[in-house]
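Below, each structure is written out as structure tokens.
Both of the next two complexes hold chain A, though its partner changes from chain B to chain C.
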Partner chain A sequence: MDIFNLTFMSALFASGVRQAVPLIFGSTGDCVSEKSGVLGIGIEGEMLFGALFAYIAALKTGSLWAGVLCGGLAGMVSALIPALWAVLLQQDQSITCIMFNIFAAGFTNFINRIVFGTNIANIPVPTFSNIPIPLLSKIPFVGEVFFNQSLLTYLSFVSAFVTFFVMKKTKLGLQLTSVGEDPRVAQASGINVYRFRILCFMFCGFMAGLAGASLTLGSIGTFTEGITSGRGFICLTIVILARWNPLIAILASLGFGSVEALQIRLQVLGSSLPYQFLIALPYLITVVVLAIGGSNLRSPKKLGVPFDKESR
Partner chain B sequence: MKRLLAALLSVLMFVSLCACSGNKDKGEEASDRTTVSKIAVVLPGSITDESWNQSAYEGLMDIKKAGYETAYTENVDVSNAESVVRSYCSEGYDFVIAHGAQYGQAVCNVAPDYNNVNFFITGNAPEDIAEADLPKNIMFADYRECEGAYVSGVLAALMTKSGKVGYIGGGNNTTQQSDKNAFIEGVRSVSADVEISTVITGTFDDSNLGYETAKAMNEAGVDVILQTCDHTGLGALQYCSEKGVYCIGYTSDQSSLVNGDIMLTSMMIDIPFMISSQIDAIKAGNYGGQTFPGLHDGVVSMSKFSPEVSEEVAAKVNAVIESISKGDLVITPNYSEN
Partner chain C sequence: MIENLLEKYLNADLLKKLGIMLASVAAAILVGSIFVLMSGADPLEAYYYMIFKPFSSVTSLGEVFIYFTPLLLVGLGVCFTFHCKLSNLGGEGQILFGALGMTLIGISPAAKALGPFSLVLGALAGILFGTLYAALAAWFRALFNASEIVITLMLNYIAEQFISYIIFYHLKTGAEPQSARIAFSIPKIFPNSRINYGVIAALILAFVYYIVVYRTKFGYNLRTLGGSRKAAKYGGVSAKRYYFYAMMISGAFCGLAGMMQVAGNTGRLMSGVAADFGFGGIVVALLGNLHPAGVVIAAFFMALVSAGAVTMQVKTGIPTSFASILEALIVLFILLGMALSSRIDNRKKVK
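And now, the complex of A and B:
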């Protein structure tokens, strides 16, 4: 088909990159949290908090960056709720986080209705516009796909790179690994495991908040209830696929976003495949890749195991 | 402490068991269904969606203002619908509204157990149940939303400059499928050459996906878009508003959601009226069966055309609306999926 030309492909992948942004933020945060041994299942809820408060702040202050910051902070503060139970009170991490997600879904709707009421549409705020990077954006194809995006998109890439660097090349990264692999040894070497894990979890919350902010301020400029639509859970899968490595997580996010962009375009072009199959396509591919690439998976040894410094 | 808690919980459980059994012996005795006092609505989405669910909520609020006791549950999955409907019945609600054709099966399962309760479904009856086997205490309002979709198709085909029009749906229920098919039929009635692209997003909540879908359509040359998918549709409207792409709104007059005059019209469904008018129907007796409200009785209507629509086009579209309301042109809902 001549329709699959360069313009089509660059539009396809540019859409893939846009849809990958919340996934990159979220999975970067979750990499850190899971490396420290705490499952970041609450990421869906933290994302919702981030999305709502980013929108409210952007609307009230008129500044998009204030919105992004507030979104991140809202995600971070909300992450304290599951952190309290999962780390300090040593409860089951999955259950606390799932409860938190349900709470977040209801509570963000509640706040949304208190602030804006149910009768009027939320007023859209201006969204991040595309800022082409000089020179780089002139590269054919790649320039259009990666270097003609919004600042928020660049920020997501930068944050993943920085996180990767800190995880792999610094003492902090080493401490992170030790807390997730063997918290007892880490404790013995003088790390406060509780504090460390909570800080990692809060970092994850902050990134999830940015992911939420990118959902509301990235292209649509408003908050709608349940706006995350399960993206937090996709992040969890991406982290496993990427083997707790933020750089591979970028690739996985881009893959997921691009397949989503592709399925929309296949429908637009009138593909003869049933639409149910196309809607399921991104998830189907994720499952298949996980099945193929999931063997010899080595997760952080104490992932999901609450740490109790008094027990043996 | 733990023991005390356990003891308390078991007492609580015992009490709630008693409460359950207490309700059991209603059932058959009263099949007088002409009274109504407590009304509940089961909604598939949230009441702030500017669309399908919000309008049902507004209908319920009209009822509440009239002095009835009301309740509603949002975001009910089809899989949970039966238990939600059942619990409303056992709590003494005597009129239960399930807002969507997807709940048909669940309500058909519950209805025979509660002969004194009236049910209302905003959609068609399940296709796999014979008409004679449908419980008598359910009213199916198989309203002809597709008539509005047909008219939208006609308008879209007359307004497109690129010769490409688009439809974005949320999917997974018969109303949506008939919308899509009627839209296509409407476009085809004007021209055989206009290209139609249709996308079923599979979700009513994902505004970002709606935005990306509208963008993908626009990039493929589509210049008029009809959306019928609530929150997902809001994202699509946002894109249209940004890029000045013609669009058509859904369930209520959505023209205030976009900049300028790009919203050609909205296919409105007077859900508040459809719901609040049921009270009178119940009081009249013999409630149940199927009705087919549509353009002819104002349940489906088109909002005022935007100034972008020329008088000539408006006249053509109005002629179509007129012949549908008179019954000269019959739009049969087509539920086929592809």
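And now, the complex of A and C:
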């Protein structure tokens, strides 16, 4: 096919990078939360919170950055619910998070209806515009794909790099690993495991909120009900695939983002495949990836196990 | 004999659990009224339409039972997986495939001739489809050790698109993307209400669930596995095999719920036929504390909330998504209550 020329490919992958931004934010947050031993299944709900409140704030203040900040904060505050239940009350993490996700879906739909009424389409806000980086954006292909993006996109890459650096090169990162691998030893060495895990979870919530904000303010410009459509769960898969490493998670996110970009493009081009198969493509790939890359993993030892400092 | 029974079921533990359940429902309703106030409605009026209005006529009570049957079935289904500490979050997908099974039988040329028997065949097809789709998730877990949580969630999205494809390209009749009407629906019990005989089938299955889980070796092994994987291993229970069984039984119940949706409610395959019952069933199972009687009561309560939410939206303008807020709050409060009560017990023991 002659449509797959260089211009098409660079446009495709540039769009893939844009689609990857929520996944990069989300998986970076989830890396930290899971390293500390708390499953990040609630990330889907936190993303919804972030998406809605980022949109509302951007619409009311007229500032996209106020929207991004609000989205992050909304995600962080909402993450307190699963954090409280899963860490402090030591309840089953998956059930707690699933309930939180149901709550988040109900809550965001509810607020959306209350604020905007039952109109079918919300008023769109302008999305982030592309800012080419001098020199770098002039590199053929790579420049077009990676260095002619929005500030939000650059921010997602920077946050993943910083998180990676903190995780691998600082004392804080060592403490994080110890809390996830053996909370008892961590507690004995003077770390308050509960506080540490809750703070990690709130960081994850903040990143998930940014992920949600990048959905509404980065590409679509408005909030629709259930806008995340499983992206939070795809983040979980990315984290497993990346073996809890934010840098590898960037690569995996770019992969999933490109698939998403490809399926959107094929829909627009009028592919002979039914569009439902295209929409299902990222989910199908997630299942396959989990099957191939999900086994034999070195997950944090106490991942998903509530910590009780009084138990033996 | 009766004394024994009373002693067994009215022990302090059960009363305490019951207390936690009721307090959680009350707390959720209380917190929920904040949301009602936010939407500018009167909480008392809103809850009147949600919880009391459905009892005012046979017709409106019938609507509650339209929700009750699938919620009870899915609730019972996920109980099997919860008993062995597994989560079947794939109810939505399994319901959709169950609905597809019933539809394929119901719209086939033979269905007219078969009459009521087409429902039996449809139920079998629904159960088969639901079971197979759940088996797929179980297979991924058994073979690749992949987390059943993410797999079942992903399979939901895939099922949704697959059903959408089927009704767009293969079963479409007329302008709307939906299948033709099935030849024979589940008969109604009363002429002026939508309540149908599916309710009775679901209640019988609740009894069957009780027998299987609490009175058979299979149920005993399943619960042992949930209590301690090690103990089950020493008892000669193959964890892998029981996970498979639990998932498949769970899928069978969800498939049947999908069949009930088509044969007792919508009459045809359409998008949204699963209606979030896959997740509602999880709430039902947890609220009912995995006990058959509890699950029946919980399913009725959840059905009341779901059906009432529709009336509430019409009368007071509160969005129906209020129902899912309430559902989630109830379970979160139950977990809170359980955690606090076990903490108080521990403190007593130490003293």
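By definition in this document, the second predicted complex is superposed on the first by the 290 of 312 C-alpha atoms of A that agree within 3 Å, B and C clash if a C-alpha of one lies under 4 Å from a C-alpha of the other, contacts with A are read in each partner's own complex, and residues count from 1 in each chain.
The rule we apply is simple: contacts are C-beta pairs under 8 Å (C-beta built on N, C-alpha and C of every residue); 3 or more make two chains touch, one makes a residue touch a chain.
All figures in this text were calculated on a predicted structure; none of them were measured in a lab.
Q: Looking at the overlay, what does A:S229 touch: chain B (first), chain C (second), both, or neither?
A: So A:S229 meets both chain B and chain C here.
Q: Looking at A:G62, would you say it contacts chain B, chain C, both, or neither? Reply first, second, both or neither.
A: Touch partners of A:G62: none, neither chain B nor chain C.
Q: Once the shared chain is lined up, is A:F107 touching chain B (first), chain C (second), both, or neither of them?
A: Touch partner of A:F107: chain C, not chain B.
Q: So, does A:R265 touch the first partner chain B, the second partner chain C, both, or neither?
A: A:R265 sits against chain B, while chain C stays out of touch.
Q: Return first, second, both or neither, reflecting whether A:G218 touches chain B, chain C, both chains, or no partner chain.
A: first
Q: Have a look and say if chain B or chain C is in touch with more residues of chain A.
A: C
Q: One more residue to check, A:P124. First (chain B), second (chain C), both or neither?
A: first
Q: On the A-aligned overlay, A:I279 touches which partner chain: chain B = first, chain C = second, or both, or neither?
A: So A:I279 meets both chain B and chain C here.
Q: Touch check for A:S15: first (chain B), second (chain C), both, or neither?
A: Once the two structures are laid over each other on A, A:S15 reaches chain B alone.
Q: So which bits of chain A does chain B touch that chain C touches too?
A: Comparing the two interfaces on chain A, one with chain B and one with chain C, the shared residues are 109, 113, 118, 229, 274, 276, 279.
Q: Which stretch or stretches of chain A touch chain B in the complex?
A: 8, 11, 15, 18-19, 109, 112-113, 116, 118, 121, 124, 215, 218-222, 224-227, 229, 260-261, 264-265, 267-270, 274-276, 279
Q: Would you pull the chain C residues touching chain A in the complex into a rising list?
A: 35, 38-39, 87, 89, 140, 143-147, 149-151, 153-155, 157-158, 161-162, 164-165, 168-169, 279, 282-283, 286, 319, 321-325, 327-329, 331-332, 335-336, 338-340, 346
Q: Can you name the residues of chain A that touch chain C in the complex?
A: Residues 41, 81, 85, 89-92, 94-96, 98-100, 102-103, 105-107, 109-110, 113-114, 118, 229-230, 233, 236-237, 240, 274, 276-277, 279-280, 283-284, 286-287, 290-292, 294-296, 310 of chain A touch chain C in their complex.
Q: Would you pull the chain B residues touching chain A in the complex into a rising list?
A: Answer in residue numbers: 46-50, 54, 57, 75, 166, 171, 196-203, 205-209, 211-213, 215-217, 219-220, 222, 231, 234-235, 238-239, 241, 256-257, 337-338.
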